[in-house]
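We call the chains A, B, C and D, going by the order they appear; numbering starts again at 1 in every chain.
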Amino acid sequence: MNAVAPIAIRILAMLGLLLVNGVVLIYMLRKVLGRLHIRIGPNRVGPFGLLQTVADVVKLLTKEDLMPDSADKWLFWIAPFVVFVPSFLAYLPLAFGPNLAVTRLDTGLLFLLAVLSLIPIGVLMAGWASNSKWSLVGGMRAAGQQIAYEVPLLLSVLGPVMMAGSLDLSKIIEAQKNLWFVFPQFIAFIIYIIAAQADTQQTPFDMSEAESELITGFANEYGGMRFGFLFLAEFSNMFIVAALGTALFFGGWYLPFLADNPIALSLGPVIFIAKAYIGIFVMMWARGALPRIRVDQLLAFAWKALIPISLSWVVIWACIQRLVLVR
Amino acid sequence: MKIWGTGILKGFVITMRNWMRGPMTVQYPEQRLTLPERARWTVTQKFNEDGTTKCTGCLICEKECPDHIIRIEMSKLEDGTKHIDDYVYEVGACMMCGLCVAACPFDAIYMSHEYELATRHSADLSRVLLHDVDAYVKPKPKKEDEPDA
Amino acid sequence: MSEPRLDVHAQPGPCWSVPKGLRRVPKGLDELATEHLVLNMGPQHPSTHGVLHVLLELDGEEVQAAEASVGYLHRGIEKLAESRKYHQVGTLLDRSDYLAGLHTEAAFAMATERLAEIEVPRKAEWIRALTMELCRLASHYVWAGTYGMDAGAMAPFLYIMRDREMILDILEAITGGRMMFNYIRPGGVFADLPAGIDQPIRAFLSTFETYLAEMDALLGGNEIFQARMHGVGVISRETAMAFGLAGGTLRASGVDFDVRRDMPYAAYPELDFDVPVATGGDCWDRYVVRIEEMRQAARMIRQLVDGMPEGDFTAKVPKVLRPPAGEMYAAVESPRGELGIHIVSDGSATPYRMRVRSPAYYNLAICDEALAGSLIADAVVILGSLDIVLGEIDR
Amino acid sequence: MPASATEDILRSASVAHEAGSEALGTVMRIGPGDVRAALGALAAGGFDQLVDMFATDTGEAIEVTYHLRALAKLESLFIKTTVAYDGAIESVWEVYPAALYPEREAAELLGISFPGHPNPKRLLTVEGTEPLLRKSIAIRGPEEVQFS
């Protein structure tokens, strides 16, 4: 009993973080996009529209739970959870501070990427089960896209892993105490942001949603809280890739030049989350600024450009590390 | 295929520049735009200084309206002058073209700037602009002014 | 082998031939025998610009055949015009092409004037040209914004709406309406320019270049957008001519024809402007041509404001116009191309028959031809590049 | 003189025609059976654009107008033909694909037919609608307009 309690508390804290993230990110997305679009964004519900997301959640919860007549009932019912659960599991190995993680896994990074790659199954399920042509096309796109971009995503994280010599996210962060990996691993970082954007279906790679083509694609037939789960998973994925980027390239909870400062260290989680939010802001900024790429160009870009580059970077860095750095 | 070039970065700069310019929203119920003088909204009656109608009941506006939304119900008084029972204006079907105002030879109607036209009851979409009044008789041809009935 | 299910070109005549301008015999072999999917795009789809309904026959993501189904906005404008007096028809025509009502009004007014032999004062012609060019800018703004949205970029739409708002304010001050103008009447215009209107126009022109350049950089300067546009939806010169395309869509295919220059009307003979022409005929060329048209429109507005003559704003026109029996065709260059009004008069106070030759109607007819062989994402972009307004297509 | 050149084209295609110069421009009247042949010859003879095609109910019959243009010379030509109510004119879509839509529209709005059209569906109205542009179909008048 005593052994279970702290773990339960940690898991609940993660769930809380996920939900809070969802609420905050939706508000932030609306405000950021609003300002980029020279609008104001939500400002009616509560002060500065802060309660807008809460109102939306209430709206989604009270909506009728509709299911299309011809839908595959079982798959339709389970698909949002298949999307949502992996994105929650991906929070578990994240290290927010020294010794502050739900669970410390030696293969944390591998675990995280593995559960993230489960998401396309849920998306495909949602697209197929809806029995709508639009959803089907959206689901197929999502599957093809995520399979294509898993590869460069995995290859791009190998650079930091090689430098840190570990797959444990805490160890990777600790290895960046003096030098953030973004500087030596700049090419890997560029590949990472592209692949991460694509993997989480963010603009300019929001193929499966494609507002102007497929009208939210795989989520087409969903309403109420089921749609809420799909939506929440999307925002939680955004946070995960931003947090992962922070951990891999931007030194996690360390501030530059203040790595040994005890105050800065005690603020570790705050610094970590703030860095992740900066990353999310850039993702939202891209959403406001860029048009969408076409699906065949997207796949061609992954297979013809991104994967060869990332593969050669892995080889190059391995050589550099073996021959130059480690004697 | 030329991709990932400077154009994308420039897009980021431009969107941020527009953020700095600030929102262009006019928050409607609190802030309002001023309408130019010629803006055309609902048809409204004009009145003389003494409060009597300027409408002579000539029916030109009724004939002129392309959508047939103006209906004037009139009766003749004993002395031969006209009496307007009802001047009905279907604001819900009005397209604010201004043809009736342009056609009115007596300057009795104008296009007002009343633009908040949503109502809760469909009956409000039909307005009675004049009810049970004597039609205006121009002082020039006849010198006598009708006393109110 | 599965047959295309749509009967777009399903009836090979006894003497089957591929007509001039068609790329291919519209039946292909599908040796993989994959099942085709018929997708209903619209009438409530964000990228069909209104209530267009396009049937797409898909093989995977590739469009095999397409058929536009229109008529959801059919209001019978041509029939209604037969019951209206000549000065009342303008209210209908505003609603035909609701993004550029002034152009349709002007075409009708010109046809009526030529039929009734009314001499239009010079100032009226200049006011017409000024308001029409402003209206063209407003319409092109909507096109550019929605084109960006079709490609997935949201921001240019809102930036362009800010600029369009300035034009609509100017037009409202001049005509009294923001979109339903009812301003250009047979004989001239309804009212003179309000005093001091040149100030807001000049204020608009002073920011026009900056904002348009920004918008252009955001869309046309973006590599993703370029990759989406180049080589997509190519319409050859022959196809464009055969389908009677008009406006920017025609000029992007290399046909140098502009009603303003070649069949002059209003104040255009006195103005100095260029007609942009491109030769590629793809979505990118249509984009470039229209952006350049916007610059030319601003150039013309500058000349029109500077050189606005004095005089009457309308000719003496009888209250009820009864043109002599006969027929007349008058065309203007609307933002979408050659917009013609063909009036048949029998000498009475109402037109006997009025026909709107709407450019978007002819531009849309090519979608069966242009969409086949593209991807869904391309189909959306091609439809956007044709610049269709459903009010004008359905009438 | 351009009108005579046009007449030559029609004559060489052995199309009986009646040339006229109205306020509208050059107008050629031909028989309904000759439309396909005449337009085919004119398209080969330089009239490369079908600007518009529409039909009118004249009270006795349906008059169909083809508005052609030779873009190089900016020369307009109106080909008119008359066809009985519910009559038929051969489709010209193989000469001018631009006629695909207007033919469908004229067919449904005036109740004529265009044999040879590849997709003779209705364009604007739904199945069962009367031919609206015929003069016998009345427009709702002010007496019939009832609000509220």
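Assume a contact is a pair of C-beta atoms (placed from the backbone, for glycine too) under 8 Å apart; a residue touches a chain by one contact, two chains touch by 3 or more.
What you are looking at is a predicted structure, and each value in this text was computed from that prediction instead of being measured.
**Student:** What is the touch distance from chain A to chain D, in steps?
**Tutor:** So the least number of steps between the two chains is 2.
**Student:** Farthest chain from chain A, comparing Cα centres?
**Tutor:** Farthest from chain A by mean C-alpha position: D.
**Student:** Quick check: more C-beta contact pairs in A-B or B-C?
**Tutor:** By the number of C-beta pairs in contact, the winner is B-C.
**Student:** Approximately how many whole Å separate the CA-defined centres of chain B and chain D?
**Tutor:** 42
**Student:** From the mean C-alpha coordinate of chain A to that of chain B, what's the distance rounded to whole Å?
**Tutor:** Averaging C-alpha atoms per chain gives centres 54 Å apart.
**Student:** Give, as an integer number of Å, the spacing between the C-alpha centres of chain C and chain B.
**Tutor:** Spacing between the chain centres: roughly 30 Å.
**Student:** Cα centroid separation between chain C and chain D, in whole Å?
**Tutor:** Each chain reduced to its C-alpha mean, chain C and chain D end up 23 Å apart.
**Student:** Taking each residue of chain B in turn, which ones touch at least two of the other chains?
**Tutor:** Counting only residues that touch two or more other chains, chain B contributes 1, 3, 8, 11, 14-15, 18, 24.
**Student:** Of all residues in chain D, which are in touch with two or more distinct other chains?
**Tutor:** In chain D, nothing touches at least two other chains.
**Student:** Could you list the positions in chain C whose residues touch two or more of the other chains?
**Tutor:** In chain C, residues 155, 159, 162, 218, 222, 224, 227 touch at least two other chains, as defined above.
**Student:** Considering only the defined contacts, which chain A positions touch chain B in the complex?
**Tutor:** Counting only chain A, the residues touching chain B are 34-40, 43, 285-286, 288-290, 297, 300-301.
**Student:** Spell out the part of chain D that touches chain C in their complex, as residue ranges.
**Tutor:** The touching residues are 22-25, 43, 48-52, 54, 56-57, 65, 67, 71, 74, 76, 78, 93-98, 100-101, 116, 118-119, 122-126, 132-133, 137, 139, 141.
**Student:** Please output the residues of chain B touching chain C within their complex, sorted ascending.
**Tutor:** 1-5, 7-8, 10-11, 14-15, 17-18, 24, 35-40, 64, 66, 95-99, 102, 111
**Student:** Please name which positions on chain C make contact with chain A in the complex.
**Tutor:** Residues 37, 39, 45-47, 58, 61, 148-155, 158-159, 162, 218-219, 222, 224-225, 227-228, 375-378, 380.
**Student:** Can you check the complex and tell me which residues of chain A touch chain C?
**Tutor:** Chain A reaches chain C through residues 33, 36-39, 133-134, 137, 141, 203-204, 206, 210-215, 287-297.
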